[in-house]
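Below are two complexes that have chain A in common, paired first with chain B and then with chain C.
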Partner chain A sequence: MRAILLNRGIQALFVLLVIAGWMWATEVRGVSRLFLPPLDSVAASFQRLVSSGAFYEALKVTLSTVAQAYAIAVVSGILIGYLVSRSRFSTAVFEPVISGIFAIPLTLFFPLFILFLGVGVSSKIAYAALYSFFPVCLNTIAGLQSVEPRYIQAARSMGASSLEVFRHVQLPAAFPVLVNGLRVSFLICFAAVLGGEVLMSVEGLGRNISQSAESMNTASMYAWIVFVILTAFVLNMVVTFIENRAKEY
Partner chain B sequence: MIDRPPAGNVAISVRNVTKRFGERGGSQEVLALDNISLDINRGEFVCLLGPSGCGKSTLLNIIGGLFPASEGEVLIGDKAVRGPLPREMAFVFQESTLYPWYTVIENFRIAQKFQRIPRSEWNDRAMEALKSVGMASFSKHYPNELSVGMRQRVNLARSICMQTPIIMMDEPFAALDEQTRMVLGEDLSALLAATGKTIVFVTHSLAEAVFLSDRIFVMTARPGRIKEIVRVEEPHPRSPDFMLEPRFSELRNDLYAMLREEIRRAMASLRDPQSGEAA
Partner chain C sequence: MTPIDATGPSGILSRKALTQDQKVVYTRILVILGVVVFWEIAGRFLINPAFLAPPTHVVRALFTTIFASPEIRYAIWLALVEVTIAYALAVVVGIAIGLAVGITEPGRKAMFPIIVMIWVIPNITLLPLFMVVFGLGPVGKIAYAFSGGIFPIMVNVIAGMRNVNQLYVRGTQSMGGSRLDELRHVVFPNMVPSLFTGLRLGMIVTMLGVIASELYVSANGIGYYTRLYSEVYDPAPLFALILTLAVISITLNELVRLAERRFTRWRR
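And now, the complex of A and B:
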C-alpha cells in the first residue's frame, strides 16, 4: 500500500513538474504565445472544446477509424500468422519477410495510401490496419511456435480436427504471447490513425490538431492535444482491464 | 523368429515396418527402424525395450498412427492404420499432456469431445476413470497444482476414460521417483487384470519391463530391429512379491545380457554416427 502511494506520488509530481515548467516558460521567460500559449488560455480553449461538444464528431470519426483498422489487423494478423505457422518451411520463408517489412518505417508509404484511397477515412484505416497487422501476425507466429509439440500430438491422437487443435490447444497455449501482440498492435493502431489524420485528412481528432496549428491557433492546438492524451489514457486503461480479464480467464 | 499367435486373437499386427528420417538417399538419411514385424494379442501387456535411440518410441508412434511408416503397414484388427484411431487407442506420454489451461475435469471433457463421445456421458465417464486411480477429489484442480506423480496418474485416468481397447504408453513413468513408479506399475497390472485391455509400453527400465510384461520385445541399437522376444509367465494382477522371486532377477539379468552389447553399440554410434549404420 505504501509502495503504491509512493508510486502515485512520484507520478503526480511529474505532472506537476510539467505544468510548473510550462508556467515558468510562459510567465517568467516570456516564450512567444505562438509557440507556448499561457496555460489558462489552453484551459479556456479546452473547456470550450468540451462544453460546445465540438470534440464529439471528431472523436467519433477517430474511434471508428481505430476500431475498423484494429479489427482488420487482428483478424488478418491471426489468420495469416496461423497459416504461416502451419509448416516449418513456410515459417522459415515468411517469418523473416514479415518482420523485415515491419522494420521499415511504413510512414514512408503514407503518401501512397492518400494517392490510392484519397484523403478520407479509408486511407487512414488501410494505413493503420497495415501497420498494426505486423505485431499481431508476428506474435501469433511466435506464440504458435512456443506451443509444446506433445500437446498437439496428444490432441491429434484423441481425434481432434485441425480447428479443434487450434481452438482448444494452440490458441490457449499461444495466448500469453498473442496478448502482448494485441496490446502493442492497439497502441500502434491508435498512433497510426492519429499520425495519418495530422498528416492528411478532412476530419478526426488529428485533423483538428493540424488545422489549429495551420491557423496559428496554438491554444486550440494544445487543447486538442490534451484531449487526445486523455483519450489515449482512457483507451489504455480499457485495454489493460480487458487484458487482465482475459489472462484470468 | 516371430511366433505367430492364432489369428483372430491379434489386436495389433506390425508388418515389415521400416522408418527412415531425412531425405531419401540423402547424406542425412537415418534408418531408424529396419523391417520390423510383430503381432500383439488382445489383452496382452507388451513392452518395447531397447537402448536409447533404438526407435522404440518411433515404433509406438507408427503403431498409433501419429507418424507414417516409410515402408510396411500396421493393422489394428483388420484395419490398416492411416492416422490416429481415437476409438481404438489412447496414449500416455512420458511428460504430462494434460492441458494446463484446463482443470482436470475439463481436460477429460475435452478429450471426449475430441473423441466424439456424446456430451451426456462426459462427466460420468470422467469421474469413474478418476475414481479408478484414486484422483476423484482432484477433478477441479489445475494440472500445475498436482505433483508429477499425481499428474501422471491423471494422464493414466484420461486414457482409461477414453475406453479404448488399446493403451499406448511411451515411457509414462520415466520422470517419476522409484516408489511412485512401483505403485503405478502395480495399478497398471491391476487395470490389465480388471479390464483386459491391450497395452503397449515403451521403457528402458529392465525391472519395469519384467514386472509388467507378458512379452518383452528386445530391440537392437539403431537401426531398430527385434532382437529377441522374452516371455514372462505370471498372471496379472502382479504383486510386489513377484520381484523377490529368483526368476524375476534371472529374467532381468537375461535381458541385461541381451541389451549390454546393444547399449555399447548405441554409445559407440553416438560418438561415430556411421558405425551404427554399418552394423
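And now, the complex of A and C:
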C-alpha cells in the first residue's frame, strides 16, 4: 500500500514538473506558439471542448468503435483458438502461423481496410478487430494447452460432451491466461482504433487530434491529446480492476 | 520449434516423432498454398477487381511498378533508413537511460513509475504532435518511431537489473568483489535475456512507428503511394507495396531474433 502511494506521489510530482517546464518554455524562453502554445490557451481550449460537448460526440464514436471491434475480436479469437486447440496436430500446424502473422506490423494493412471499407467507422472496426484478434486467439491456445489432459480424459470418461468439457474443465483451467489476453487485446484495440482515426477517418477522438494538427490549431490539438490521455488512464484503471476481480473469481 | 515428445530412449520413437514434425510442416505449407489459390480464384472471378488483386497480378505489379519505379524504390529505401536510424537511437539511448535508472535502487523506485505512466499513453495520439514540431520529413518520422521504440528497451533493461538473485550479489561481496565486479559478473549477465526481449519488442514498435508515420504523411514517401493506389482503385501495386514492406519487416524481426538466439545461447 505504501509503495503504491509512493508511486502515485512520484507520478504526481512528475506531472507537476512537466507543467512547470511547459510554463518555463512558453513564458520565459518564448518557444513558438505553433509548437508549444501557452498553458492557459490549452486550458481554455480544453474547457471549450468539454463545455461545448464536442468531446461527447467524439468519445461516443471512438468507444462504440472499440466496443464493436473488441466484441468481434473476442468472439472470433476464442472460437478460432478453441477450434485450433481441438487436437495437438492442428495446434502444431496453426499456432506458428498465427503468431507469425502477429509479428508483422499489421498497420501495414491499414490502407487495404480503407480501400475495402472506406474512410468511415467500419474500416476502423475491421482494422482494430484484426489487431486485437491475435492476443485473444494466441492466449486461448496457450491457455487450453496448459490444461492437464487427465482432467479432460476424466470428464470424457464420465460422459461429458465437448461443450461440457469446454465449459467445466477447459475454460476454468485456461481462464487466467485467457483473461491476460483479453486485457492486452482491449488495450491494443483502443490504440488501434485511435491509430486508425489519426491516420484516416472522418470522426472520433483520433480524428480531432489530426484535424487540429492539420489546421495548425496547436492549442486544440494539445487539448484533445490531454483528453485522450485521460481517457486512456481511466480505461486502463477500469480494465486492471476488472482483471483483478476476474482473477479472484 | 515444437518440442518433440521423445519420452523413450529408443530410436524408433524419435524417428516417428520426426515424421510427425514433417507432417506438421507439410500440412502448414498446404494450408498456406490453399489460401493463396483461393485468393487467386477470388481475385480473378469472384471479387470486383477494383478492390482485390489476385496474387499473380500482385507479383507482376511488384516487378512492373514497385521495383521499376525509382521514386518508389527511393521511398522504400528511405523508410528503411528511418527504421535503422530510429532503432539505433532507441537502442543506444534506451540502454543508457535504462542503465542509469536501473543501477541504483532509489533510481529505480523514483523513475520506474514515471516510465510506466508514460508508456500507458497510446503513443499514436502523439503522432500529429511530432509532425507539427518536426515537420513532415524523415526527421519527424524518425523522432516519432524513436519515441515509441525506446520504451520497451528501457523498461526491459531496468526490469533485468531488478530481478537479480540477491544470493549471487552477496556471494560476490563475500568473496571480496567490488561493486564493479558485481555489475560485470552478476548484474549484466542476468540482464541479457531481458535486454534482448526489449530489443526485439523495440524493433517491432520502431517499425510500427515508421509505418504509421509514413502512412500518416500522404504528401511524400510510402503514404503518398498507398493513397494514390487506393484512390485510383488499382489494388495490385498497393498489395505489392504492402507485401514488400511486410517482407522487410519480417526480415528485420528475424535478424533481431537471430541475434537474440546467438547471444543468449549460453543461458540454456
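As a convention for this text, the second predicted complex is superposed on the first by the 246 of 249 C-alpha atoms of A that agree within 3 Å, B and C clash if a C-alpha of one lies under 4 Å from a C-alpha of the other, contacts with A are read in each partner's own complex, and residues count from 1 in each chain.
Here, a residue touches a chain if its C-beta (ideal position, glycine included) is under 8 Å from a C-beta of that chain, and two chains touch if they have at least 3 such contacts.
Note that the coordinates shown come from a computational prediction; the quantities given were computed from them, not determined experimentally.
S.K.: One more residue to check, A:A142. First (chain B), second (chain C), both or neither?
M.R.: neither
S.K.: Just checking: does A:A160 make contact with chain B only, chain C only, both, or neither of them? Give me first, second, both or neither.
M.R.: First partner only.
S.K.: If we overlay the two complexes on their shared chain A, which of chain B and chain C does A:I209 touch? Say first, second, both or neither.
M.R.: In the superposition, A:I209 touches chain C alone.
S.K.: Of chain B and chain C, which one contacts the greater number of residues in chain A?
M.R.: C
S.K.: Between chain B (first) and chain C (second), which, if any, makes contact with A:F109: first, second, both or neither?
M.R.: It touches chain C, and chain B stays clear.
S.K.: Examine A:A173 and indicate which partner it touches, taking first as chain B and second as chain C; both and neither are also allowed.
M.R.: first
S.K.: Based on the A-chain superposition described above, do chain B and chain C contact any of the same residues on chain A, and if so which?
M.R.: none
S.K.: If you look only at chain A, which of its residues touch chain C in the complex?
M.R.: Listed in rising order, the residues are 6-8, 10-11, 14, 34-35, 89, 92-94, 96-97, 103-105, 107-112, 114-116, 190-191, 194-195, 198-200, 206, 209-210, 212-214, 216, 218, 221-222, 225, 228-229, 232-233, 236.
S.K.: Quick one: which bits of chain C touch chain A in the complex? Just the residue numbers, please.
M.R.: Within the complex, chain C contacts chain A at residues 1-2, 23-24, 27-28, 31-32, 51, 109-110, 113-114, 117, 120-122, 124-129, 131-133, 204, 207-208, 211-212, 215-216, 226-227, 229-230, 233, 235, 238-239, 242, 245-246, 249-250, 253.
S.K.: Considering only the defined contacts, which chain B positions touch chain A in the complex?
M.R.: Chain B reaches chain A through residues 64-66, 84, 86-87, 89-91, 93, 95, 97, 99, 101, 110-111, 113-116, 162.
S.K.: Per the contact definition, I'd like the list of chain A residues that touch chain B in the complex.
M.R.: Residues in contact with chain B: 150-151, 153-160, 164, 168-169, 172-173, 175.
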